[in-house]
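Here come two complexes built around subunit A, the first alongside subunit B, the second alongside subunit C.
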Partner chain A sequence: MSEVISASALRELMRDWLRQGKQVFGPRQVKPGLVLYTRLTDPEQLLVSGFIHPSNSPKEFVFPRHEVIYSYRFEGKDLQLLDAPDSFPEQIVLAVRPCDAAALPILDKLFNWDFQDEFYNRRRQATTVVTLACLSHDDSCFCTSVGLGPADPRGSDAMLLPAQDDEFEVRPFTEKGEASFSGVTRTSSKQAGTPSGPAKKFDAGQVRTYLSENFEGPIWHDETLHCLGCGACAYTCPTCHCFDIVDEGNAAGGIRAKNWDSCQFPIFSLHASGHNPRSTQPQRQRQRLTHKFQIYPEKFGDILCTGCGNCTRNCPVNLGVLNVLEAMKNGQPL
Partner chain B sequence: MKNIYKPDPMEVLEVRRQTPDVKSVKIRFREKEKNQNFSFRVGQFGCFSAFGYGESTFNICSSSNWKDHLEFCFRKTGKVTEALWRIEEGDTVGFRGPYGNSYPVEQWEGRNLIFVGGGIAMPPIRCAIWYVLENRARYGDISVVYGARTVADLAFADELEQWARYDRVRVVRCVDPGGETSDWKGEVGFVPAVLERSQISAGNSIALVIGPPIMIKYTLPVLDKMGLAPNDIYTSLENRMKCGLGKCGRCNVGPAYVCKEGPVFTMEQIRHLPADF
Partner chain C sequence: MIESLRATCRRLLETGTAQVVIGYGQADPGKAVHPVFIRRPEDADQLTWNDQCYPNLVAYLKRKEVQSLGKAAIVVKGCDERGLIVLERESQIDRGSLYVIGIVCGGVGNPKLDKCKSCGAHRPRFANEILGESSLLQDGVGQKWQALEEFLTKSPSQRMAYWQNEFSRCLKCYACRQVCPMCYCERCLVDKNRPTCIDTSPTLKGNFAWHITRAFHLAGRCIGCDECTRVCPVGIDLRLLNQSLAKAAEEQFGYRAGMDPQAEPLIGSYSLQDKDGFIG
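Up next is the complex of A and B:
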């Protein structure tokens, strides 16, 4: 037995949410060949099939790429600091891939150890995550190599599993998820199958060992040398969270903002003296891989990667986590 | 809502030009009660704002015993420090902190202290020196070896002379060859060499070494020869930071976040970190 919802009932439900003033986000075909998670204003915009993974990640709905943290105003020498908006509308992110949803509990740890980032927390509290299990995958997918899978419930408030006859099985995991679908599903005798996901491509534990033992090695000189440092991997990654803090304005007034940043940029770690601890592109690749597979697991107990494959799909020179790990494997058995 | 990124407005009480491109600034909270409630430990740092230009990370270079104000010191080198260079008494800057760990000054009690610094590294040493001088009885002999490129580049030069007048304090000042003036009475040479020929007795000693990586690199073998164990040699790492809160992701040396586990490390700890700095 299972609870199911038809595709048309799902769109009707979404229409209700929009009418109630909730913000809805989900995958949308923005132009031929490009699917992105975006704000949706019409249920017809929602994509629930025919794509593997959007080219971005839904992290931006809880951790915006540009966020005002306060504004300032000078009247002569008198300074006024004005709080940025700190209440956020209820939002539902729909048809999220399980790998993207799994990134959120991982990020919760970073934004809450010791110091709490309430901008992040409040957006997170206002968000309901409805995942869409994956029936298919491509060569870049590797969720099963980082302990996840095509129907993993981590980070989901509810999950939609594609079933027969244009229906979805609905599996709520939290109160938010229950509330979102209460009264709109019907009981069915059928159950959606369990999707299998991509074959396991590497052992994350071995990667961690390799990274901790090979701070120097040919891979950090040769294989990663062709990285362009564009940052596409980080910007489209559901778990990359590094940010910059900058002022935008002038001596009379303006804002201070938290903007996405990337460890792939040379200025990221540049000292005032001109010295740069990570002055070459391979060193910056090493930082990205080490942060994901060694540092974050040591600090927070989670791999900072959910195997979505976006870093490989979006890399203009065919790198990304998967190909760097592949190079690692060739250089030394993994 | 508690906003961890929002600084406190600080009144600028005094600006002192230390060298042609270094200034120190004395500030206090605009919100009066905060001046009484604020406390920190020497060695901690803060994020200092020039509104409209941004935020930079500096050590709090005043002693934690001074309750009515705090000080920071910077070299004019980028967008934020160019803006800070223009501030005057009565202006407002931003401060958030204190962040990071600190010098274990309690553990240092009963030990002789050797402070070794180069150039703009004086501020994070200065706070520790004032702290131990204000608690003079708890510490043994104090030696300060401080060098800069030229005589004009010595920060807190007047305080170096004040310290030298304290009981059981020896101050060795040096400038790089060619940086001396005709009336220069200090040493001429690089810090590691000057430290070696100063023949400081190193028994029961703790060293705090802060300076450019090249100075640290050549100072460590000297300290080793003097007999100091890596556990007794401290430094303060100064990686680029934005948040100071363990989130923005750039200041790590391998697995160690300088803003959280640091900035103060022993050489023993650094020996176990990858060469990521």
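Up next is the complex of A and C:
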């Protein structure tokens, strides 16, 4: 027995959410060949099949790429400080992939570690996450290698599993998830099958050991010299979370804002003295991999990677986390 | 063809003509093609050539990490080679110490990229050595501004709405800058923060400032390799901006960046015969 919802009822439900003033985000065909998670204003925009993974990640709905922390205005000789809005409308992130949802509990730890990020936490509290289980995967996917899978519930308030006849099995995991689908599903005698994920491609424990033993190893220069140093991997990664604090304004006033940043940019680690402790691109690639598979697990217990594969798909020169880890495997039996 | 490419690579490394060959490699057939830096003759077999060889490798020549490998040989397509010409004219490379392996290219991508359909440089012209067959695509030079001309049929307000929509997606990952062989500044204007010249925020204002500034810095310099457009993770068609300025350079000054190795760089030269009808 299972609870199911038809594709058309799901769109009706989404229409209700929009009518109630909730913000809805989900996958959308933005142009031919490009699917992105975006804000949706019409149920017809929602894409629930025909794609593997959107080119971006839904992290920006809780951790926007640009967020004003406060603003200021000069009035004569007075300075007026203005708080940024700190209440956020209820939002539903719909039909996100399980790998993207799994990133949220990982980010929760970071944003509540030595400092509680009130912007992140308030957005997060206002968010309901509805995942869409994966029926297919591509060569870039590797969720099963980092302990996840195509229907893993981590980070989901509710999950939709594609079933037969244009229906989805609805599996709520939290009160928020229950509430979102209460009264709109029907009981069915059928159950959606268990989707199969990509074959396991490496052992994360062995990667961690390799990293701790090969800080100065030749692999970094040999395998990552072609990294061009853009942020396409980090900015489309569901778990990368680095940010910069900037001041922008003019003689009348301005803002202090939090913007995404990436360890792949040379200026990320550039000191005011001119010294750069990570002065070459292979060193910056080593940082990214080590943070994901050694530093973050040591500190927070989670791998800072959910195997979504976006770093590989979006890399201008076909370098992604997976390629480097596969090279490690070729160098040593991983 | 691939065998002669590998043989050339071996020869260059064995004779010391080059200490590194910058080319395309592939771990296994069917695996992704990526740039490789071959330093030992026995590694020459890593080199490959097929229609997935997208990146313009000229972008690597200005990188410290690559320069430190020593004297380079580089594999270029005809379109990429235009970048070498501009870099040389802008005194950025010593062409004499660079060995250029040109590959006759029938176009990359499946289906072929738009730039390949209107390519006027299937056959590299100034390489030290040219490899590959000469069964070329028909040059489609007449259609090279097609995308731009279609875009310009829109009204100014429609075009503004288009760019607002496109730039609203920009993440400022700077993939457009990093793949560009002409974006070789050691410290980009947008990375300067004492004082800040361009808002680093990925807001609509900051994104307009970034893309328009970059387009103007590429005026008369963009070689039309379209790498910025290919790599944009959010699908912004930056080619339209670049074409707009490239078309102006061609129509106003009869100049196409990287086509004539003797021509003075457009932005770096002045002639009394320059047209000035577009001023005021």
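Criterion: the second predicted complex is superposed on the first by the 330 of 334 C-alpha atoms of A that agree within 3 Å, B and C clash if a C-alpha of one lies under 4 Å from a C-alpha of the other, contacts with A are read in each partner's own complex, and residues count from 1 in each chain.
Here is the rule we go by: a residue touches a chain if its C-beta (ideal position, glycine included) is under 8 Å from a C-beta of that chain, and two chains touch if they have at least 3 such contacts.
In this text, all values refer to a predicted model and were calculated from it rather than measured experimentally.
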{"item": "Touching partner for A:H66 - first (subunit B), second (subunit C), both, neither", "value": "second"}
{"item": "Touching partner for A:T174 - first (subunit B), second (subunit C), both, neither", "value": "neither"}
{"item": "Touching partner for A:S269 - first (subunit B), second (subunit C), both, neither", "value": "first"}
{"item": "Subunit B versus subunit C as contact partner of A:K299, first or second or both or neither", "value": "first"}
{"item": "Of subunit C and subunit B, partner touching more subunit A residues", "value": "B"}
{"item": "Partner chain in contact with A:Q29 - subunit B first, subunit C second, else both or neither", "value": "neither"}
{"item": "First, second, both or neither for A:R256, with subunit B first and subunit C second", "value": "first"}
{"item": "Contacts of A:D244 with subunit B and subunit C, given as first, second, both or neither", "value": "both"}
{"item": "Set intersection of subunit A contacts, subunit C complex versus subunit B complex", "value": "244, 246"}
{"item": "Subunit B partner contacts - residues on subunit A that touch it in the complex", "value": "69-70, 72, 74, 77-79, 81, 83-84, 86, 110-111, 113-119, 122, 215, 241-247, 249-254, 256, 258, 261, 263, 268-273, 275, 277-278, 287, 290-291, 294-295, 298-299"}
{"item": "Residues of subunit A touching subunit C in the complex", "value": "30-31, 33-34, 36, 55-56, 65-66, 225-226, 228-232, 234-236, 244, 246, 248, 257, 259-260, 262, 265, 267, 280-282, 312, 314, 316-319, 323"}
{"item": "Interfacial residue positions of subunit B with respect to subunit A in the complex", "value": "1-7, 9, 30, 49, 51-56, 75, 77-78, 81, 90-92, 212-213, 238-240, 242-243, 245-255, 260, 274-277"}
{"item": "Contact footprint of subunit A on subunit C as seen in their complex", "value": "32-37, 55, 59-60, 63-66, 169, 171-175, 177-179, 187, 191, 196, 199-203, 206, 227, 230-231, 233-235"}
